[in-house]
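Each chain gets a letter, A, B, C and D, in the order it is written, and its residues are counted from 1.
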Amino acid sequence: MAKKKTLKNNDIDEKKRLELYNSQYLIRVAEQRAYDLFLENLVKGTSHLSLGQEAIAAGFATAMQENDKSFCTYRGHAHTLARGASVVGVLGELMQRDCGLMRGKGGSMHLTDTSKGVMGSYAIIGAHLPMAVGSAWRAQYMGHDDVATVFFGDGTTNIGAFHEALNYAVVYKLPVIFVCENNNYMEYTPIESITAVKNPAADRASAYGLDSIIIDGNDADEVYRTAQVAYSKARSGDGPSLIECKTYRQSGHSRADPGAYRPDGELDHWKKNNDPITRYRSRLIEFGVKQKTIDGIEASVKKLVDEATEEAKNSPVPPEEILTTNVYANGGWAWRN
Amino acid sequence: MAKKKTLKNNDIDEKKRLELYNSQYLIRVAEQRAYDLFLENLVKGTSHLSLGQEAIAAGFATAMQENDKSFCTYRGHAHTLARGASVVGVLGELMQRDCGLMRGKGGSMHLTDTSKGVMGSYAIIGAHLPMAVGSAWRAQYMGHDDVATVFFGDGTTNIGAFHEALNYAVVYKLPVIFVCENNNYMEYTPIESITAVKNPAADRASAYGLDSIIIDGNDADEVYRTAQVAYSKARSGDGPSLIECKTYRQSGHSRADPGAYRPDGELDHWKKNNDPITRYRSRLIEFGVKQKTIDGIEASVKKLVDEATEEAKNSPVPPEEILTTNVYANGGWAWRN
Amino acid sequence: MAQLTYREAVAAGIAQEMERDETVAFIGEDVARAGGVFKATVGLFDKFGPKRVIDTPISEQAILGAAMGAAMTGMRPIAEIMFSDFLAVCWDFVANEMSKSRYMSDGQLKCPLVVRTGNGGGSRFGAQHSQSIENWAMAIPGIKVVAPSTPADVKGLLAASVRDEDPVIFFEHKSLYAIKGEVPEGEHVDTLGTAKVVRPGKDATIVALALMVPRAVQAADKLMTDHGIDVEVVDIRTLVPLDMKTISNSVIKTGRLFTVEENPRLCGWGAEIVSIVVDELFWDLDGPAVRITTPHIPLPAADNLEDITIPSVDRIYSKILEVLR
Amino acid sequence: MAQLTYREAVAAGIAQEMERDETVAFIGEDVARAGGVFKATVGLFDKFGPKRVIDTPISEQAILGAAMGAAMTGMRPIAEIMFSDFLAVCWDFVANEMSKSRYMSDGQLKCPLVVRTGNGGGSRFGAQHSQSIENWAMAIPGIKVVAPSTPADVKGLLAASVRDEDPVIFFEHKSLYAIKGEVPEGEHVDTLGTAKVVRPGKDATIVALALMVPRAVQAADKLMTDHGIDVEVVDIRTLVPLDMKTISNSVIKTGRLFTVEENPRLCGWGAEIVSIVVDELFWDLDGPAVRITTPHIPLPAADNLEDITIPSVDRIYSKILEVLR
């Protein structure tokens, strides 16, 4: 059994594995921290955590090139961190401090770090799918080799923009990867109760002439491998992919959600038996990674997040002068002369 | 050969056949009249004809119950006439006269006759699909036995509202029939050049858990038969159908379109070899209908349209007082007191 | 009289109408089993069941289209669009369909439906979940536009909206959901198109809406206390139909007009009211009519920034003082 | 100087910019091989080929989203939305996305793109294909809004829009496509945010836009001829940025303000301008500021009805006469 797994997984080397673990673990700790800060009333507004869904962000980001572009939702902390954005910048933005990625002007739902290829997080369901298509059009048009990846939830497959984006991307064979994180719920409503097909993304792939791809979204290796195939397809000019990742959201939908809609035991089941971090930690050990190495990663991630938390806490709130900056390209907001 | 056809078609009796022919012929003559009136500068604004597509409107309307509801596009003269709306009302509306179905306030693109179940024609692509879904929801909710039918083109399958409507209808198993008239073109652009799949509606049926249905839209019998199956399915509570009818638009997209985008010979080919009226006339004769009977139908249709034309021509333009009526339910337009 | 919160008044208003009229049903995202993301529809699902209180997919166009098709054919649906910002994804149904079908059909089609939506800022949600877009709706002929400021008005105007034969966009203010107020016991139905003088005064008129109403009243009280300036506050309550009589009477009396708008400056409803007053009551004005608005910028997320964006009691107070002095 | 039609000026403007800048590309429905339903983009496909001039599916959200994603990452796309009424189906991209991404990202994201669209009435197309919705766009912070009235302005302002670093909504008036006018030879680039006094006068100011400009000028000429009333006409040209200097200078000079709007009355751009003038120049006004607008109704299809709906030369003339007498 162990043997078989070794064989099955020997395409990924230890260095990559540790990278994948580091990325997942960083997301886990940072998201938990965000939750704690919310309880301390230091995170204002809303926030949507990816606890339990870390493997998807980590797997894709690890397979990306530096010049690749990510488009995220309001549930985008994970994807932003996975591309290497500063933890201070992310936590600072959640705390709406001057050190935040957007100096508090965007907030938790709109994390953006273009220096890392994170082309924004969008809070209106579906809108960022066509934008990712546009980035892919630019890559094709200008002869660039980057690929656009757009992350979205199961619930998003029922909105019009999903359909338009998929068709458009296929018609022009654009280098864009559509990643559906199926965590079983839209906000509080089970996805199967409001969707015509069982697999909301994969069962619609054929409507765009695409392959139906369903993967275990809680297995970072499987995600990484699938991502690699999709990126190489896109970079070879063979067009888009639509990938449905099965996963589960361990946190509430947003900050104040008690999760009353979950059937008894469901959350526990996923936490105990299908947590991506726990699973990956076991796999590392199975593959001979030393406990010390793992401990080292975990310690350094914790330190990073602790230090970032302190730095963000000490950052001032944004100065009032920036209220009216960057509305227009000239830096200001004047709509009249 | 004739024998075989007889067998294949003996489910439809002569009375129905003549009804189907009458309906198609009426549409043909009225649409040609609309075109002539346009050349005389008596049809103002735009108008979108269904020449060549008559069998679809006729086949569905003939299979409908009186209380069924139709939702049409700007290309809706055919569907409105097929439900029995007055020819004077239709031509009068195209000529923007007081005798028009909506007294000139809607125009060619918005034909409505609720007394015949024609719940409006809509000119923004896709919008009427969700409306038809809503009508079907009301039927299910109130326990009515009517079914909603929504007609739209191939190009419409690429807009978001199509996707939302289909999913919604299936989730709640609503009695609505989605009829895609695939006439090969959106306005001037060939549908296959901007669509990810070959059959824009049928190849997407599975994305909503529906059967893929493609029929010859220029064969009124096949349309009628398919419609009957769909209505009885809907009335039995078994939910929506999506039907793709292959056809061809013999006229321009709208009034002034010279059709330069058509490959040489294409239009001629369809007119000569696959015109629904010519085909149906031959079939009637094949099935033993007397030429005299056919001539009688044609003569009475022509008379009807001639008389309607005269009546519409003699109708005054709408009085200025109605400019501000029926904006709100109180009959007026006052937005203030 | 019962003490209800603004959010409880929403549920109470819907329940009252659903009990009265079988053709009223309610659809929206997460509105049924979960009682809505703002908990404004808690209890309705238990009371009326899955046939009448329905969780939908994330398909705003289908939601409004379904409501429209049902309304055309005999129902009186209430549809929720969770945040008013999301009306942008189904704007066609508001701007081109429900608003125009009666006119285009010369009265054959009707659309008695209500679109409820959470509007306004103050929750630190950022630019895509905080907007006040009542001016977008006011700009569309053929619909009615309501935005209550108290629990009683929520219930009474919601009932009136459900009973109205025209499509109504009903803006609930997110930052008011928690406020409490007296609501009449038993059936309560108000009248669309009626503004209210909520604070009488003689020196100037403030016209305000929704969250801006309590702020305007506070500012007016402070102007009285500090400077003896006696400001009348009019709560518009419904933008369409617009109760110009009440507004005009107030302006004729006071000679000065201020509007307090949460929507961003350009083409806000305050501009409309000012332009009517300047046309019709120019000679009654004793000085400039002045608009106090959210500046013409997207909304920032940070609390300190959001607080200086939306008109505050202080800003209203200072601006009026500056102008009247 | 060359004589071009308004529609030829569109193609000329696009061609000029595509020749200059490789990153400019053009997408829309039926715009390439067929040259657009208004024939405003004829010749571009032949000149620049299928890579740069692209026929799209009927997917307005994808069109604007694609333009946005490309603009964010280095292109300067031009997207056509065939009729401005259809902006309602992709309004989210205008109102919530392209307009806010720069602000939400505190300047990290940019959206240098142009959305061209056929706006306005007069074609007997009915309520869903005839609207003037420049006021919808003006109400959204973060975008620029342009609406030219002459072929020269079409070319010059379109070029300026393409070169602008912000998203621009460019309203072409359908009833002006056929008019002819002088357009400067060679490269022609105008400046956004500059209004023009197109007819000097001293007795009153008319502020007008697009199709309303030639009508206002005709009305002014007739007022002069018939009654010796000398009216100044200002063509706003761009609603955002708004050239208030030119408008204010005119009002200070004449003491009277009229706005002539094709958008329906409520929350139109005229209201905004009136409200600014009344706030800032109240004491310069010699009488009421008056708006002449399309009434607040959906547009009828019939020609005789449409003609009495949209402000005509006669209506402008009579209203001004009535007010000034």
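Structural remarks
In this text, a residue touches a chain if its C-beta (ideal position, glycine included) is under 8 Å from a C-beta of that chain, and two chains touch if they have at least 3 such contacts.
On a predicted model such as this, the values are computed, not experimentally measured, just so you know.
By number of C-beta pairs in contact, A-D leads when A-C and A-D are compared.
Relative to subunit C, the chain whose mean Cα position lies farthest away is B. Each chain gets one centre point, the mean of its Cα atoms, and the points for subunit A and subunit C are 36 Å apart.
The distance from the centre of subunit A to the centre of subunit B, each centre being the mean of the chain's C-alpha atoms, comes to 46 Å.
For the pair subunit C and subunit D, the distance between C-alpha centroids works out to 30 Å.
Between the Cα centres of subunit A and subunit D there is a gap of 40 Å.
Chain contacts: subunit A has residues 103, 105-106, 110, 122, 124, 126-127, 158-161, 164, 167, 171, 193-195, 322, 327, 333, 335 touching two or more partner chains. Across the assembly, subunit D contributes residues 56-57, 59-61, 85-86, 88-89, 92, 96, 103-104, 126-128, 141-142, 240, 265-266, 296-298, 300 that each touch 2 or more other chains. If you check the complex, the residues on subunit C that touch subunit D are 85-86, 88-89, 91-92, 94-96, 99-100, 103-104, 126-128, 135-136, 138-139, 141-142, 240, 263-272, 274-275, 278-280, 282, 285, 287-291, 296-298, 300. The touching residues of subunit D, counted against subunit B in their complex, run 29-30, 33-34, 37, 55-61, 85-86, 88-89, 123-129, 265-266, 295-298, 300-305, 308-309.
Against subunit B, in their complex, subunit C makes its touches with residues 23, 25, 51, 54, 56-57, 59-75, 77, 92-93, 96-97, 101-110, 112, 141-142, 144, 164-166, 193, 240-245, 276. If you check the complex, the residues on subunit A that touch subunit D are 69, 71, 102-103, 105-106, 110, 112-114, 119-120, 122, 124, 126-139, 141-142, 148, 160-161, 164-165, 167-168, 171-172, 322, 325-331, 333-337.
Note for the complex: subunit B touches subunit D at residues 44-46, 96-97, 103-110, 122-127, 155-156, 158-161, 186-189, 193-195, 260-261, 317-318, 320, 322-324, 327, 333, 335.
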